[in-house]
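Going in written order, the chains are labelled A, B, C and D, and every chain counts its residues from 1.
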Amino acid sequence: MSLLTIRNLSLSIHGLQILRNVSMEVAPGRILGVIGESGSGKSITAFSVLQLLPGGASCTGSINLSGKDILSLSEAEMCGLRGRDVGMVFQEPMTALNPLKTIGDQVAETILIHERVSKAEAMVRAADALQRAELPQERFPLSRYPHELSGGQRQRVVIAMAIALKPKLLIADEPTTALDVTTQAQILELLKRLVAEDGMGLMLISHDLAVVADLADDLVIMRQGEVVESGPAKTLFGNLQHPYSRALLEASAHVPERGNETLEQPLLQVRDVVRDYTGHTHGWWGKTTQFRAVDGVSFEIRKGESLGLVGESGCGKSTLTRAILGLEEVQGGEILFDGLPVFTHHHANQIVRRRMQVVFQDPYGSFNPRWRVDRLITEPFHLLSDPPKGAERDAAIAEALESVGLSASDAHKYIHEFSGGQRQRIAIARALIIKPDLIILDEAVSALDVSVRAHVLDLLADLADRFGLTYLFISHDLSVVRSITDRVLVMKAGKIVEQGPTDTVFDRPNHPYTQQLVAAAPVLPAGIL
Amino acid sequence: MLQYFLKRLLSLGLSLVAASVIIFLALEVVPGDPASYMLGLNAQEDTLAALREELGLGGSILERYAAWAGGLLVGDFGTSYTYRTPVAGMIAERLWVSLPLAVYALVLSTLIAFPAGIWAASRRGSHADGAVMGVTQLGIAIPNFWFAMLMVLVFAINLRWFSAGGFPGWDAGFFAAMKALTLPAIALAMPQASILTRVMRSSLLDTLGEDFIRTARAKGLSKGQALWRHAVRNALIPVLTILGLQFSFLLAGAIIIENVFFLPGLGRLVFQSISARDLIVVESVVMLLVFAVIVVNFTVDMAYAWVDPRLRRRR
Amino acid sequence: KSDIVVAMQLEPPHLDPTGAAAGAIDSVLYSNVFEGLTRFGPDGSVNPGLAESWEISEDGKTYTFKLHDGVKFHDGSDLTADDVKFSLDRARADDSQNAQKALFAGIESVEVVDPLTVKVTLKEPNGSFLFNLAWGDAVIVAPESIGDIKSKPVGTGAFKFTDWVQGDRIDLEKNADYWGEPAKLDKVTFKFISDPTAAFAAVMAEDVNAFVGFPAPENLPQFEADARFQVLVGSTEGETILAANNKLPPLDNIKVREAIAHAVDRQAIIDGAMFGYGTPIGTHFAPHNPDYVDLTGSSQYDPDLAKKLLAEAGYADGFTTTLKLPPPSYARRGGEIIAAQLRAVGIETEITNLEWAQWLEQVFKGKDFGLTIVSHTEPMDIGIYARPDYYFQYDNADFQKLIADLTAENDPAKRSDLLKQAQETISRDYVNTYLFQLAFPTIADAKIKGLWENQPTQATDLTAVYWED
Amino acid sequence: MSVLFHSRTLLPGAILTLLFTAAALISLVWVPYDTTVLDIANRMKPPSWLQPFGTDQFGRDILSMIMVGARTSIAVALVAVGIGMAVGVPLGLAAAARKGGLMDEIIMRANDLVFAFPSLLIAVMITAVFGASALNAIIAIGIFNIPVFARLTRGAALSLWNREYILAARVAGKGSARISLEHILPNVANLLIVQGTIQFSLGILAEAGLSYVGLGAQPPTASWGRMLADSQTMISLAPHLALFPGLAILLTVLGLNLLGDGLRDSLDPKLRRART
């Protein structure tokens, strides 16, 4: 008997059709994985179950939760249901908790809302729920405030809140997207254990096939508000019918073809680099704090090479990037580009700068929304003493756009007229326009959907081939790094803990941290392609 | 926290010193001579000189600043040129009108704004919300001295519910005093309440859009419960800022309103003193008001820490 | 009912009538708390005050005053000749802060003859000496209470000072030990309401029983129409003039000043600025004075004549000058009207509104002005035209001689003659444009009797005031 | 044009604002009655067909006075806001560009200091020194606009400085001045326009308040605040004298506020947060 049954759910918001005939089932003790690209309607489906829909939404079809027809319940009845019968965990742990209340209060609130118990008793049970979410009282007392916890710990609090009353159904909407791989693995493990212990049904939503693959019993694949394919995970993976599902799967495991050769000659040498941040706790008068973001890092990039840099969030990757680009001065060590220092006399060396460019993570935030594409991508011309003008400039723009698969006519559009993938191409075009030797890619594909990501990776490989480019490829996603780099550096807390050829490092990690990282990285089960 | 507190205290002290220098220098260049103002058209030059001597108007700028600022430190505000009494006493007496007025207005505006803001936010888009927003638009746009004039016309002259102004003193009894302060407080509070209502509403709406409200709703809290238990306190932070700023506006606004209702408050004292070139009184009152504003803002900063635990330990 | 609340516009800066020019001090204390050897009556006459009688020597230089017996200060001490000597010596001392020190300049010496007799010797005979002694700046104070006089005035009057709530009110109470006719009221409260609207509202709401010197003449008809109130419109010593800087071209040209005098329509100003309250004057003299000469005819409103005079003076196209206005509404409102009237004959004015302190600095002391409007409220002050350094800078040797003669003259008939000549001289020279005599409106509860109607000096003498049942 | 209908407040706001701007502009070439000519005999006449707002205490036509007064109010407020923007925006940009630096600290402390002075007091002090005039009112109001714009600009600029496109510009070798000008300024422009309308309305209120206490524009320049002050004693005699200038202030300020709100909603819904 199934716990949650959604039948032909259609939903529109202010007349705009969002979901079309969505059907799915969650059984007790089983995990339903819901996957699909961004905007495919996964979250809206989840919200429909709780009836926490945005204003102007209207549903048809049926949602049945252990015998109750959700769509016909009153708001008061829904309030009785939420939290008790259905628990929910959201994507963003940093903002999902009220910053002004202690975690104990927030977990106990779930209990107090639904049961007539004393505050003290609720607190005892809250402690219990937190314990089950692996936040033991000894280390994480109830009196903690959310800001005193890390992202992964906050996500555990949210989980504790959701499971405090042992609901029959738990909905987890991208519960790990904002977390590090290692933390992600722990949270997923926790959810899996809770399902097994309590016999809950779990609806696990994700855009990442690999995340869902080794957890889910059943799968639903969504696209543009519709379910394209569903079934038990084991059989479905080996036997995908719908072209979209297949494309999705292929894209997830995509390895671009790469052909360029690496020369022996080093292009970039980083020696014992130290970068300290001096912070002021409050304004200029406040006391200063020293924080070492990069701590004695040394490595080399050879001409034509593609070097990967992996590590958890906050380990110093972006800081290192800024130092290499000459945007910030380092406190120790030196950085040489083709034998020349990137920083001389407290100023960035313009000659060196001309030969490096960068592509950032956020396809939406890396362009000034008020400029047209031509102006955006020619911004690096500022580095040249004699930038091309007139027809020459137009030709350069056309060449850059065409080399990333866009057309010259796109030059006169604004950035909001492009999709995320196209924007990232424009970012690459901007990096290419001054024909640099080195391109640093700081999480350049992390924000893209898998299929788009595959295309961009192909493009990068192709460009490296054609222009003999050297890449420094920064990412927390091991599979991506693996697919596009020759060598890899593993960074932890500002230090390089391991480096070597990519395959060697990933297949036979030496350093315990690397081992942990590799083990935590979600991978698609072997043999399903 | 203690260290943070001390640092803030130091910066507060520096601000006060800077303010005192600015005030002193600004008034230093004010043209006009208190002595000739006091002695009028027929005064003789030797009489003026004698008076100036007695008022302590001689000496270099530096000496006079040191005398004034040094006096402030030990609570000695000097002696008024025209009234010939200690400025501290004069200020203290006026403060007993201005401060209750400002507090009365602040309390009124808070009492109106909080419920109105919460009510409007919880009914976003409804007619009630529209009405509140409309009324607050008017409240902000109305010049408060004009509003005060209209109130005097209606409530004092026509209906004779309130006296048209003046202040009987606290000796006349609490209710008599409060009655005299009521129309001025309403005039002062009206624009402030409107602004505060809008801030409360928009801050609440912002908070209601936060993720943790969704979390709370997912726990089974109704809209109202989520609002009261989770949104209101979070929404309070910007409201506190405005409340702090408003204090300075209330003090400033009081200058005009005290004139409309002829209340013997600090604002009127400043006006009178500046036209009499009783600069020492002006200096001291302005300094006091600036001090009040700085201290209130400091208190607001400290209040954040009370509202927001994130600020408690980190600093 | 034996108490009264009297409102007035200005609050005294402090309570020493001998230490500041502020008329508000006298308005509260004159006659009520402090008395001089002589005193002004409601009609401006000089009457005996603390001096019961006096004798004047043949040469007019020695005055022997006989003091009333049994006069006590409010602190219980007796008034003696020593107090009189102290007061007069203090006023004329080198370090004196008396705003009218000139009144005492002619005193050679003050001698105590016996406890109730004082002899004052003058350097020169002075026809207005007794008049001078009636001023508020000449009241008798006691040496033992002089230290605190600014906040705790101790006088000999029919009322005793009790309390001062600064910014709001001053309380007086009846002096049971008064030497003369005792006051009829037990308690008097002076309230200070500077804002005209507030003044109107306070009277209407009967928060005050009387308002002396009501600041908004536009409201008087409303009170007149209201049976609850009586409206007294008295005259003052305030000659309101459009003063011209007689040294500043083109105003140094008498034709230009004459043109201005003809360009100004007094009645329009009295109507527009004072709502009809005020008496037109043609010279610097109070119309209620028996020696007044009506010279308004020589400066009739005649814009065409004004234009002609301007053309004769070489300003056919007019000129531009400044018009600096002190705070009172006669000046501010009158200024707007005069500006419009002058514009009509081609004279442009740049209006600057000044506070008193600025006016004193710029206009009175700095003489940095073209035109200004001000009311000269000191009694009998035509003598200012004999001071060439006075702010309007009229310098006429004949006139100065006239005033010198007047001062030395004791014979009433001759004095009268000289005064008339003085009035005619300044009118003929168009020194300033004489606008009107400031009216003094008092609004009071209809049942209050005994208030002064006129203001021969700034005073609110309440000694004779009572409630009629 | 469709922008106008994005928000319910924009259209009424724009109409009211336009109305008063038009009144001010028309008064430059034509007014129903000459306001420089006094007609004492005709004073305080109640509203009539020929003079719909009646006449004032000097017999001037109140409608004409309000039209001319609109000019004063708008000019004073506009220039004051201009001063605030011209000084405040560069300061804010500079402070943001050197966040946490000495420059930032000095600018922000100076801002706090200005904020600590009750604005009217400063106006009183300024006019005590330089005398009352429209120019000094402008300066006084302008000074108080500086920190408003400096803070607003700094706050908005700070969040922009975290954007990756700023980083991209830095990678392209641009200095902070250039980035502030090319990237930050255009992106805070909307915010500034919106705040500008709000400050403009506050400026009109402030001018009225200053003129009311006699510190603003001097006669014969017509000013709404002074019209109110002059009519105050006559309020029970001829309420229309106080009514119309008061309404003029109210409606103009209301119009500008509605316009500001509307612009905010239309230009960028995300800006709604910044509204206080």
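General observations
Keep this in mind: a contact is a pair of C-beta atoms (placed from the backbone, for glycine too) under 8 Å apart; a residue touches a chain by one contact, two chains touch by 3 or more.
Which protein is which chain? UniProt says A = Glutathione import ATP-binding protein GsiA; B = Glutathione transport system permease protein GsiC; D = Glutathione transport system permease protein GsiD.
Quick caveat, the model's predicted, so the values are computed rather than measured.
Across A-B and A-D, the chain pair carrying more C-beta contacts is A-B. Separating the centre of subunit A from that of subunit D, both taken as means of CA atoms, is a distance of 46 Å. Chain centres here are Cα averages; for subunit B and subunit C they lie 40 Å apart.
Averaged C-alpha coordinates put the centre of subunit C at 45 Å from the centre of subunit D.
Residue numbers of subunit D whose C-beta contacts span two or more other chains: 128, 232, 235-236. In subunit A, the residues that touch at least two other chains are 283, 285.
Across the assembly, subunit B contributes residues 11, 31-32, 149, 152, 157, 259, 274 that each touch 2 or more other chains. Chain pairs recorded as touching, per the definition above, are A-B, A-D, B-C, B-D, C-D. Contacts from subunit A toward subunit B in the complex involve residues 50, 52, 75-76, 79-84, 86-88, 90, 92, 95-101, 109-110, 113-114, 145, 147-148, 158, 161-162, 281-283, 285-287. Contact residues of subunit C toward subunit D in the complex are 195-197, 200, 204, 215-216, 218-219, 222, 268, 271-272, 327, 332-333, 335-337, 339-341, 343, 351-355, 358.
Residues 280, 283-285, 322, 325, 327, 348, 350, 353, 356-358, 360-362, 365-370, 379-383, 427, 430 of subunit A touch subunit D in their complex. Against subunit B, the residues of subunit C that register as touching in their complex are 11, 13-14, 20-22, 94-102, 150-151, 165-168, 191, 193-195, 197-198, 200-202, 204-205, 207, 327, 355-358, 360-362, 364-365, 376, 378.
By the touch criterion stated above, subunit D contacts subunit C in their complex at residues 36-38, 40, 43, 57-58, 128, 131-133, 214, 218-220, 230, 232-237.
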